[in-house]
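Presented below is the structure to which this report refers.
First chain written, first letter: the chains are A, B, C and D, and each begins at residue 1.
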Amino acid sequence: MMYSEKVLDHFSNPRNVGEIDDADGVGEIGNAKCGDIMKMYLKIDKGIITDAKFKTFGCGAAVATSSMATELIKGKSIDDALKLTNDAVVEALDGLPAVKVHCSVLAEQAVRAALSDYYTRQGIDPLPIVGEIKEPEE
Amino acid sequence: MEKRFIYADNAATTAVSDEVLSAMLPHFTKAYGNASSIYKLGRDAQADVEKAREKVAVALGADPKEIFFTSCGSESDNWAIKGTAEMMSKKGKKHIVTSVFEHHAVLHTCEYLEKHGFEVTYVPVDEKGLIDSENVRNAIREDTALVTIMYANNEIGTIQPIEEIAKICHEKKVLFHTDAVQAVGHVEIDVKKQGIDMLSLSGHKIHAQKGIGALYVRKGIVLPNLIHGGGQERGKRAGTENVPAIVGLGRAIEIACSNIVEKADIVTPKRNRLIDGILKLPYTRLNGDRDKRLPGNLNISIEGIEGESLLLMLDLNGICASSGSACTSGSLDPSHVLLSIGLKHEVAHGSLRLSIEEDITDEDVDYILEVIPKVVERLREMSPVWEKMMNGEEVK
Amino acid sequence: MEKRFIYADNAATTAVSDEVLSAMLPHFTKAYGNASSIYKLGRDAQADVEKAREKVAVALGADPKEIFFTSCGSESDNWAIKGTAEMMSKKGKKHIVTSVFEHHAVLHTCEYLEKHGFEVTYVPVDEKGLIDSENVRNAIREDTALVTIMYANNEIGTIQPIEEIAKICHEKKVLFHTDAVQAVGHVEIDVKKQGIDMLSLSGHKIHAQKGIGALYVRKGIVLPNLIHGGGQERGKRAGTENVPAIVGLGRAIEIACSNIVEKADIVTPKRNRLIDGILKLPYTRLNGDRDKRLPGNLNISIEGIEGESLLLMLDLNGICASSGSACTSGSLDPSHVLLSIGLKHEVAHGSLRLSIEEDITDEDVDYILEVIPKVVERLREMSPVWEKMMNGEEVK
Amino acid sequence: MMYSEKVLDHFSNPRNVGEIDDADGVGEIGNAKCGDIMKMYLKIDKGIITDAKFKTFGCGAAVATSSMATELIKGKSIDDALKLTNDAVVEALDGLPAVKVHCSVLAEQAVRAALSDYYTRQGIDPLPIVGEIKEPEE
């Protein structure tokens, strides 16, 4: 198993760690039993993600993918954020070991979960827009 | 606090020591003969191999004829278990007793045999990581071919009642193998006194090269080969002898077993200081019995954080440590050893193993005890699990 | 005539070259991490292992994912054959095709399988030491699990029609393994072009360390493990990676395969001069085809004398040579290889193998050609067999 | 397999190699197929072995045991020579590898064969004195 320099960089200096107290959407995915939990906080203004923060319990890849995912969506429109795929996260990190690809899926789903929460708070049914959130299998 | 480099993962592997390397070096480019060759260059190589065999034998209280060199601890385990299985299945004995927290070299070999008509009983361990020899007794059946129980656990360092277990095996007339890869050089072993029939060891845990190991097989046991071919190792293990590594293993085991007690006297207090220091952190627990453990081993669960990130953070601070066994890193499951002593999955994920040796300084210990709380704090700060714990929420 | 030291037994083993040793050295005492460890010391080790794997793959025309490191050529052979046997026996295929003059690592593995319900067909070789691929075709049955034929013979150096045999195997949809321990680095190999499914190699024949080997397994073949345990080698071969030896093998194969043609151009004429020189002695014969053989190999039977004393005499004159294979010295039977090409026992007993490399000088050749006749004369003088031959008596 | 220094010495500088043209007894044992033939020549004067020589086709141990056996019987009485055991030869050579012990048996038997020949030439039935000569098994 080998981490790219990019992964190690995003692990050592994770971008956007923390919480947003007055977040507009908060999503959490994963479970401690599997060893990974990601919690994502979004600040959204006029359809634009103006800030993103995360807290993560998990391996190096879990931290790095959280960090990268927040970087990739910050300043983007919700539409663009919804288009974020785990592949894009993996690519942006110069790849992930095969056993760690599931972390990028978690990161993708954490973003969607936060957006889902955002719509719910707006009184809008998120399902048609965000789709089903996939919890990792145990 | 100045950054240091501290290798605290000697249970994963060790550096080849200068003494061992200098014993090996001539055998690469000068004394490179094939030990089976008839000319002097070959005969000398063979003499050196036999000297190394003698040293391994002395270290274990065995006869040189009972020592067979292999390519690693895993091969030794595979050979002992599959070989015994092959041998005993001819007598209709197709049952093996082992423990739930063996190394994968034993467990996966047993699982392989289960797929090939064997039954395996996995004896449990208690919450301190110890095996009750009575459980072994009760697991033995009429058709038991082998009992294989590790001498010391590689993750939590607990030392098993090997002599007691061996005695029970002999009463029941069952062969007894022990994976002593973690024990050799750290605890005193005497295969004759302890009644051990077969014993696996590996060079790279005691400052010899990776890729060299040995299997002790008590005289009288005719173990079928795992690797067939040339007549090396008295026909029991084919393959041109790895002379440099064998010579190195001989030297390494000689050194490692020359001062076991003294080393333990140096290491144990330092190890204890590390344990006590780390346990000051809230929500931590020591895994494995505090006393019946390898002198250099500590294994502590730190709740709210995940092991791999802890290791990566420690690495950034110059500390090499482990969480679970190195062989299975890359795997997503928490350590089967930690689960076996009753840890919950989420706790097992956050464990730290340090395995130190007598060369660790007091300053190193200070340094580790300074770094760990900082790193733990940082990881806990970013951990949603820790947040939940602090809020009294349930962690699922 | 001044005494020289000439190592002419490179088929038995080779010295680790300085270049290889210097690639290995850092990995003993400095870059000693366990390749499965998560910290930098471990990650770097893993990166170096992967670089070595890449080099082995390039040398064979394979993909790095198809290369698995083992502890020796013998292990590779055992793994390929037993693994395939295990895999195919599930489909009811319990027949193996091999040749009569394989290395013992193959032969004894086949014999082991014969004891475990397999049938083995041993294809003959002709008097020149060559296998007729049509004999392989005819040996293949509906239930054939594997064909395993060596690339080049270790005693007489003959090179087999591997591509033809592979083609037949593929027509017949049978897996094809080749023991290329003697061929790698001496003849050009391209597993894809040649249609080889599995290939064994060993480091110590090409100036890497003893105790390291590799098995190429074509993508798509899911070979069961020979050694179970940790997740090393993508779960296919347990045991902490022997990083120094692996790195050394990578470097060695890179060097060995970089100038195969040039080396052959240098070695072949010298080898031929040795052949012609020795054949001037009466009652001698070259064993194995003169052209379809490894550039550095010669094997000559010298009647009236016995091989071991010849080797010991040569040794006293500084020449390291072999008679039969090193693995079986100590055995009393004459070489099964020489018997397979039709030699009588008494002739087979008196054979000489020289295996030279491009570093041999013309003066070395001169020296060998001076020493051998003297030594042969001396041994013949004290040989009652030679006496009988000269008297025209029958030798029983 | 390992040869002692003594064996190597007796191989490199074999004592008593050659023939005795007017030998009083000549014995040959072994066969080329097995890889060992020993031929032993004795000169005997008044029951004393005054000279012994050998020719051997065989491995290092075969040469060394022949050499040692001739050394051990030279100057001895026939009676003493008949008491020569292979063990004595092995011992005198500081041991032999297990696979080579049969060579010492050959040497012992070669001496007996030569003595047998001596008695036969004297018109005496050797069997009651020397016993059966054991040829090596193939």
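Here, contacts are C-beta pairs under 8 Å (C-beta built on N, C-alpha and C of every residue); 3 or more make two chains touch, one makes a residue touch a chain.
Quantities reported herein were computed from a predicted structural model and do not represent experimental measurements.
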| item | value |
| --- | --- |
| Rounded Å distance, chain A centre to chain C centre (Cα mean) | 55 |
| Chain centre separation (chain C, chain D; CA means) in Å | 39 |
| Sequence positions of chain D contacting 2 or more other chains | 1, 60 |
| Junction residues of chain C - those touching two or more other chains | 38, 308, 312, 329-331 |
| Overall pattern in which the protein chains touch one another (line/ring/star/complete/other) | other |
| Chains touching one another, given as label pairs in label order | A-B, A-C, B-C, B-D, C-D |
| Residue ranges of chain D in contact with chain B within the complex | 1-3, 60 |
| Chain C residues within the chain B interface of the complex | 7, 9, 12-18, 21, 24, 28-30, 32-34, 36-42, 70-75, 77-78, 103-106, 108-109, 111-112, 202, 204, 209-212, 225-232, 238-245, 308, 311-312, 314-315, 320-322, 325-331 |
| For the chain D and chain C complex, residues of the former touching the latter | 1, 8, 11-12, 14, 17-18, 28, 31-39, 54-60, 62-63, 97, 99, 102 |
| Chain B residues within the chain A interface of the complex | 304-309, 312, 316, 329-332, 334, 344-346, 349, 381-387, 395-396 |
| Partner chain A, residues of chain C touching it in the complex | 38, 43, 46-47, 50 |
